[in-house]
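Chains: A, B, C, D and E, in written order; residue numbering restarts at 1 for each.
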Amino acid sequence: MIGFVILAIIALGGGIGVIVARQPVHSALFLIMNILALAIFYILLSAEFLAAAQVIVYAGAIMVLFLFVVTLLTAGKDDREPKENLAGQRLTAGILAVLVGGGLAVVGVLYPSRAIGLGLPHNFGNLRGMGVTLWGPDFIYLAAVALMLLTAAVGVLVLNRPRRQVKPAPRLEERES
Amino acid sequence: MIPLNWIVGLGAALFAIGAVGVMVRKNPLIMFMAAEMMWNAAALVFVAYARSFHAMSGQVMAFIIIGTAAAEVGIGLAIIVSVYHHRHRLDIDEVSQLKG
Amino acid sequence: MTYALWPEYSVVIGVFVTMIAVMVFNRRSIQAYWVGLATIVVSGIITIADWSSKSLPVALYGHAVTVDAFSLVVNGLVLVAAAGALMIGWNDKRYGPDFPVLVLLALLGMMVLGLANNFVVLFIGIELLSLPLYILAASRGTGESGEAGLKYLLLGAFSSGILLFGLALLYGASGTLVFTHLDPAHMILPLAGAGLALTVVGLVFKLGIVPFHMWIPDVYEGSPLPVTTYMAFGTKVGAAAILMRFLFFGFSLDAGWWGPALGYLAVLTMVVGNLLALAQKDLKRLLAYSGIANAGYLLVGISAHNMFGARALLFYLLPYGLAVLAAFAVIQFVAGERDSLSLDDLTGLAYRSPWLAAFLTVAMLSLAGIPLTGGFVGKFYLIQAALFANQPGLAIGLVVGAMVGLAAYVRPLQRAFSKAAGESSEPIRWPVAGSIVLVVAVVATIGLGVYPAPVVHIVNHSAAFYWLH
Amino acid sequence: MFLVWLMAVPLAGAIATLIAPKEVSKAIAAITSLVGLVGYAGLLFISRAGIDWAWIPQWGIRFHLVSDGLSLFLLGLSAVLFVVAVFASDAHAGRAYYFWLLVLSFSVVGLFAAVDLFVFYVFWEVLLIPVFFLLTGWSGERGKKAAMKWLIMNLVGSFFMLVGVVALAVIHNQNGGGLTFEISQLSGMSMSAGVASWLFFAFLVAFAIKAPLWPLHGWMPDAYGESPAPVTAIISGVLSKAGIYGILRVMIPIFMPQFREYQTLLLIVATAGLVYGALMALRQQDMKMVTAYGSLSHMAMMALGIFSLTSVGLLGTTFYMVAHGLMVGGLFLVLGMLENRTGTRTIQDMAGLNRSAPRLAAYFLFFVLGTLGLPGLPGFAGEYMIIQGLIASHVVFAVIAGFILIVAAWYMLRVFQAVMQGPARTTAIKDLWSRQVAWLVPLAGLVILIGIWPAGITAHAVPSLYHAMHFALGKGGVH
Amino acid sequence: MQGLVEILVLPLLGAATITAFKGLMPKRLPGIWASLLVAVSFILSIFQDRRVSQLAGSHHVITGVLWNWATGFGPAIHFRLYLDPLSAVWLLIITGVGALIHIYSIGYMHDDAGEPRFFAYLNFFIFSMLLLVLAGNLVVLLIGWALVGLASYFLIGFWYDRPTAVAAAKKAFVMNTLGDVGILLGLALLYIHYHGVGYQHLFAIFTHAKPGSAFFEWTALLLYIGAMAKSAQFPLHMWLADAMEGPTPVSALIHAATMVTAGVYLMARLYPLLRLAPVTHELIGVIGAFTAIFAASIAFFQQDIKKVLAYSTLSQLGYMFLGIGVSAYTASVFHFMTHAFFKATLFLAAGSVIHGLAGEQDLGQMGGLWKKMPWTMGSFLVATLAISGIPPFSGYFSKEAILGQAFNSGHYILWAIGVFTAGMTAFYMFRLFFLTFTGKPRNEHLHEHAHEAPLVMTIPVVILGVLSLIGGAFGGWLNRWLSPAFHQYAGGSAAALESGPLFGTILTVGLAVVAFLVAYWLYVKRDTAPKAGTDKAPGVWMLKAWGMDSAWMTVVVNPLKMLGTALLTVERGILAGVVGIASGVQAWASDLAPIQTGYVRRYALSIMVGVVALLAYYLIRIGFIS
């Protein structure tokens, strides 16, 4: 329980850090902290494979990508957060989030799911267990994820392909002259 | 024994924090990170419930979430880069030409 | 031997072949388009073959997917959408050779939404649909296009987060991921309620229901035109299909507590969507709001929560999509090199190109719901559904929305049929592929209005299958 | 099947105008409408001209058209007026004009012949579109506004009616009768009173807007004023009758208890419209507006005939629709000729035109007399029957209606005299051309014929009327 | 049946042919053709009347159905013609006097450009009037009734470029429409109660009905309103004076001899109904008497030769209705006949005067014409004596019959009014005569050029003059002739001519003679100017016809116009309402559009609002939040 509290504090701290950090790099680092805390949770929840995936994919690949882009886009630029310019945005957002988060948390805490008291099945959540599932009956999901990653690859190609400068269509009068 | 329902509460909190992040931060990268945090919160709840049901299906779902997040981040960052490549600041509010 | 999933498999194969085609041939090659189109045709043929197959409905992959008449009808609809979008953007150098690939990928997502039977597939479908569309929205490279892509992406990620959390709670409430195994009687109700709320939000976000609609006008306006067409038709089909499937499979027994909320949203959407359409000056944006309003109509079919609702929704998707195809094709022709078209640009269209004006008329009247067009029959069916469900409020909301929207649809027509002030009668080019889409869409719209019985039959058959579960 | 051919003719003509060269558009339209008229004449001799075909069987919708006594003469009215309107149209109006005119003709046939509520509704709305385009394309800037008003007001009404249409079928289904839109099957259906009242008013508003009945006539002044004369003639002569026809065809069989319940209210509102239209007509300075408001008053008269809920009142309305259609159509055409010749519609700008155009004046006067209900012309027979019905039900309204007949004489003569008589203030105008006389003479002859022989229509209309009503009317029905 | 149709159709044929072929006809042909047709009609009428009288049995009626007029709401209403002795009298007068006036018009209208049109109208009038009297039921009667109104409208407004003529025509038409509506309502009432509007059908029922029910009073009153309007009874009388704007033959034929007596015809026709409605019946007599004296007072100081005659017509119509009111039906018909003779004479003679003076109608411009136009003067004098009730001229007999019966039936007040009015009549008629024909010419220039009318005009005048001289002799014949008609149904028992008390006759004639003497003294001896007496209190009002015109304007016309003007505002409101709602929605839409701010974060906020709403809704619905 104490472990849980500590981990929860770390995770929440990371989360809050993400949204309060002034610089994007800090946000990214806070997010990594959050992700790592979650990975530990996964281990605690007997999801070893997921914990590994979380660390490798999220903390490793995704966040590195983030950091890379952050540095790419903020290099030599003013990377501080601009002033809030939408009236009431923060207050409303805060209230709404508290309502939603609070509501969900209360529901989640007060109404636990019907837990099965027996011991965990063999290979629950470890590499073998996941492998059997993902390469077995649930292979189709894996294939779908593969397709999504393929989409991402195509997308990066498309979005950053060398563009022939497309001029806006000339107006009629220009064409006539 | 980890109190599973408290983990769900933690997930809800993280979800709310992520939502706030999307709504209040002006840096699109940070907004995107906050959105990722919402996904993560969901994945955490899935895993927690999977543990409670002793069923792998929740974990599979979490795995799919992680994989999809990777793809989404790839595309998202590409879009952000292409949009902000020539801009001075990372300010989402600058991208508001389309309206009305 | 069943070919149940072969429409989807063939699309996957098509994706790869198209990519190979892009790589093998020159970058500006037209071959990718042909391959893409061929894929769609093959998939369509298999879908039709499946329709007559005796072995349906069938649940595959441990109830992860269910192939039934419903999913086949959805397949048909999204294939039409994809073909239309592909042909409207046929070999346009602005979009490049990747366009068909991404269209096929999104198509796959839409098809998956049609046959999803558990949360994983639902999520995969949503993402498979969305990711290519993020790219496509931003693919034009201009400021507007980038903005559209960015907005779509951020809000999409946000809403997916909400969706996922909702699914997680539902999972916790029921212990299963499979729709048909959801049993409202044995769920932990508060968890299920919260989960359902979030899930519904995530799904209606894609459909474009007020107040989750705000991305739609901006994204539609900023995206390249064929992409907008695709989103307006295909995404709506996919979102409506999965929403119906999810709710009716998972919660069909007890509509009392989830139906009314959707009813209110539907009315709100119909009124607000049409109202805002009234204020628009840009044609694409106008159609975007029209898309929102039409999403409201679709939601009527869902919240009516009866057999008629399901049928009416399925039916309505077709005339709506056809009208969208026709309208966007006209915009594409008239806009030419430009990305968008204001209402003023339409002035004098009837004199520059009477046929285009006539086709636009048919499309607009169908959207407005005037008889002898498919749109009317669709609305008629929806009203029927609402009244059969003893929900006159929905029916009245529908017609009030239609009334408000009427002026929005008529204003472009009036522009088109009044004489232009200037002499700008530059002839309008008719691209072959787009013309085919236009003519087919218009003819089908009228055909659907004049003799809808066959389609009604198909739709009824499909929804009847659906209710046997 | 014959009715289908009758519908197919204008449709074929419409398509032909699109294909054929621009110069022959008018000729095509003329031939088509003449063929339609001849076909209509044939219809008078064919007893089984209807069609009953399962259109959308899943919803119990049948493409069911009949030409019974209610519809037969309205079909005739539209056949005649379309011929006249085509002949009176500008030869250079362009192919789209004739296309829309023929489409309108097509939809009007469908509307009048339909006895399936769905079919009725389909044509009810379809006919808005051609009128919308005729108003948009062939009139000035105000005409566009008029078109918009026309479309939106009418659609607002009919959208509510759409809900009503479906609701009726659904209720019939829930009563265990199966899903059907056949008016005869929906009639006399049991409904809860509250629902029935709502549906009643949904239908009534839709029909009242089309007619138009006060106070739902907001679209009327602009539409009548701005549209080209043949179009005005069609709108006022044929389409406005569609509203009244709808009440007769659809509402009377289905909503008889509601008619009884709200009879006094309906009578009061219709009488208000009657007085209102007449007094407005009295104060108008625009000759088309005088006729338009006079027509508003006459539409209220037709409504009164129905609301009297007596067989004679209903019959009077049935007859008066045809009579008024012919006469007011003719009147608007004459006014159009005057407007073409003088370039103005303001009556102060004209006077003494009789001297230079006696024939035009004669036809003008003829139609003026017809619309003011001169005995011997058909308006009188209609008004007589309506007033008799009113006396039988509520005599007060009969007296008011009688009083309005006097005012009608006043305002109609006022416009005629101001334009045609008095010291000539305007330059001379051309009299009628012989081509124009060629269609005016038969029209006038037809008016006289049914004026002195109303039985030609009433005797035929009666069986259908009773058939349509299904159950006997209350007091005052002489039968 | 055969024969009636021909009588009816011939004038219609004339109207139609003249209208259609007027361009082709030589100058005088339309007049001759029209006169010929009416004359033929007259001859046919004589034959038909003989047929009626020779019918066996007591029912002297020829009737038949032409076609079924309308059906479907009860027993059919037929287009039925009907000839009985009563209509026969009218038939003869209409065609006979009509033919003479047609002939006269050939001369009168010979230099008018609209001559063919005039004869077409005139023929159309004859047709309509014949239809009115030959009608076999109230519907056909109403058709004829309205068509004569239309003909009257045409002819009053014959000179359509005169604004006054046009206005007068409209007034006549609208007021007559009022009457039409009365008949319409009345006959609809009758139809509803008795399922038919045919005379025979109704009268057979009336014969067995008990008098005095409100239904009969209302029906009779409504029908009487029709008669009032057509016969210009007070207060619907103004149009008749204005109707003098038409050509003079028109005034003679329509507004004196025939059309205006249609009301008398209708009332005489409906005598079985009047029996059942005693109150209305009395009312008819009272209004008739009042109209008689009222119009006579107006005629006193009129300056226009035709206006005097017009008001005298009104006054005489009052007599006829007085006769109806006291059930002196035959006497009324008798007076109608003699009135047709002498009033036609007067009008035609006046027309000759006007013709001779190049269109001048003002008494102030006349005088001393007796030498210039002796024949005219002679006829006029005879007719004046007749209208004044001097024996043995025709008017004496008919007027005496009415007054006598009024006295006999106990209507002493009405009788007294009638007697006094007779004196007034004598005064103003002789004033008119003297001012026109005797004394010094007041306009030398006009007098110079004055001339006797051509023969084609003089002969009809003289014939009519002779008839007004001897017309009184027809009384006995008429009494016999009409008795079958009035005895056919209950209510006509008192219809036969009676003679009043001797003192009454002496009083009447004496008053007339005194009035003559006064007129002679005033206008011949003292040569008083025509305008004299019109500047003081009663005279002013008399000249202005007691201000009835402005009273109508104030009470009916202007309020209606003002109401119309007020409603224009309402209409603007309604029209603006339509636009207002539309533009309101549009404006609302435009106001709503800025919700779409373009800021992604706002969009996210909106989504979150939706989430909260939906979440709250579901949690409430499942009872989590209560």
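FYI, a residue touches a chain if its C-beta (ideal position, glycine included) is under 8 Å from a C-beta of that chain, and two chains touch if they have at least 3 such contacts.
Note that the coordinates shown come from a computational prediction; the quantities given were computed from them, not determined experimentally.
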Steps needed, at minimum, to go from chain A to chain D via contacts: 2
Using the contact definition stated above, find the chains touching both chain B and chain C. A, E
Shortest chain-hopping distance from chain B out to chain E: 1
Chain ID, smallest distance between chain and overall C-alpha centroids: D
Go through A-B and D-E and name the pair with more C-beta contacts between its chains. A-B
With chain centres defined as C-alpha means, what is the inter-centre distance between chain A and chain E in Å? 99
For chain B paired with chain D, centre-to-centre distance based on mean C-alpha positions, whole Å: 64
Distance-wise, how many Å sit between the C-alpha centres of chain C and chain D, to the nearest whole number? 42
For chain A paired with chain C, centre-to-centre distance based on mean C-alpha positions, whole Å: 28
Note: chain C residues in touch with at least two other chains are 120, 124, 127, 131, 134-135, 138, 141, 149-151, 154, 158, 162, 165, 169, 172, 175, 190, 193-194, 198, 217-218, 279-280, 407
Where in chain B do residues touch at least two different other chains? 8, 11-12, 15, 18-19, 22-24, 26, 31-32, 36, 43, 45, 48-49, 52-53, 60, 64, 68, 71-72, 75, 78-80, 82, 92-93, 95-100
Where chain A touches two or more other chains at once, by residue number: 86, 89, 93, 96-97, 100, 103-104, 107-108, 110-111, 113-114, 138, 141, 144-145, 148, 151-152, 155, 159
Who touches whom among the chains? A-B, A-C, A-E, B-C, B-E, C-D, C-E, D-E
Going by the contact rule at the top, pick out the chain B residues touching chain C in the complex. 8, 11-12, 15, 18-19, 22, 28, 31-32, 35-36, 38-39, 41-43, 45-46, 48-49, 52-53, 55, 57-58, 60-61, 64-65, 68, 71-72, 75-76, 78-80, 82-83, 92, 95-100
Any idea which chain B residues touch chain A in the complex? 2-21, 23-27, 29-30, 32-34, 36-37, 40, 43-45, 47-54, 56, 59-60, 62-64, 66-75, 77-82, 84-85, 88-91, 93
Can you list the residues on chain C that touch chain A in the complex? 12, 15, 19, 61-62, 64-65, 94, 96, 98, 101-102, 105, 108, 112, 120-121, 124, 127-128, 131-132, 134-135, 138-139, 141-142, 149, 165, 169, 172-173, 175, 188, 190-191, 193-194, 198, 336-338, 424, 426
Which residues of chain A touch chain C in their complex? 103-104, 107-108, 110-111, 113-114, 137-138, 140-141, 144-145, 147-148, 150-152, 154-155, 157-159, 161, 163, 166, 168-170, 172
Which residues of chain D touch chain C in their complex? 54-59, 96, 118, 121-126, 128-129, 132-133, 136-137, 144, 147-148, 151-152, 155-156, 159-160, 162-163, 166-167, 169-170, 173
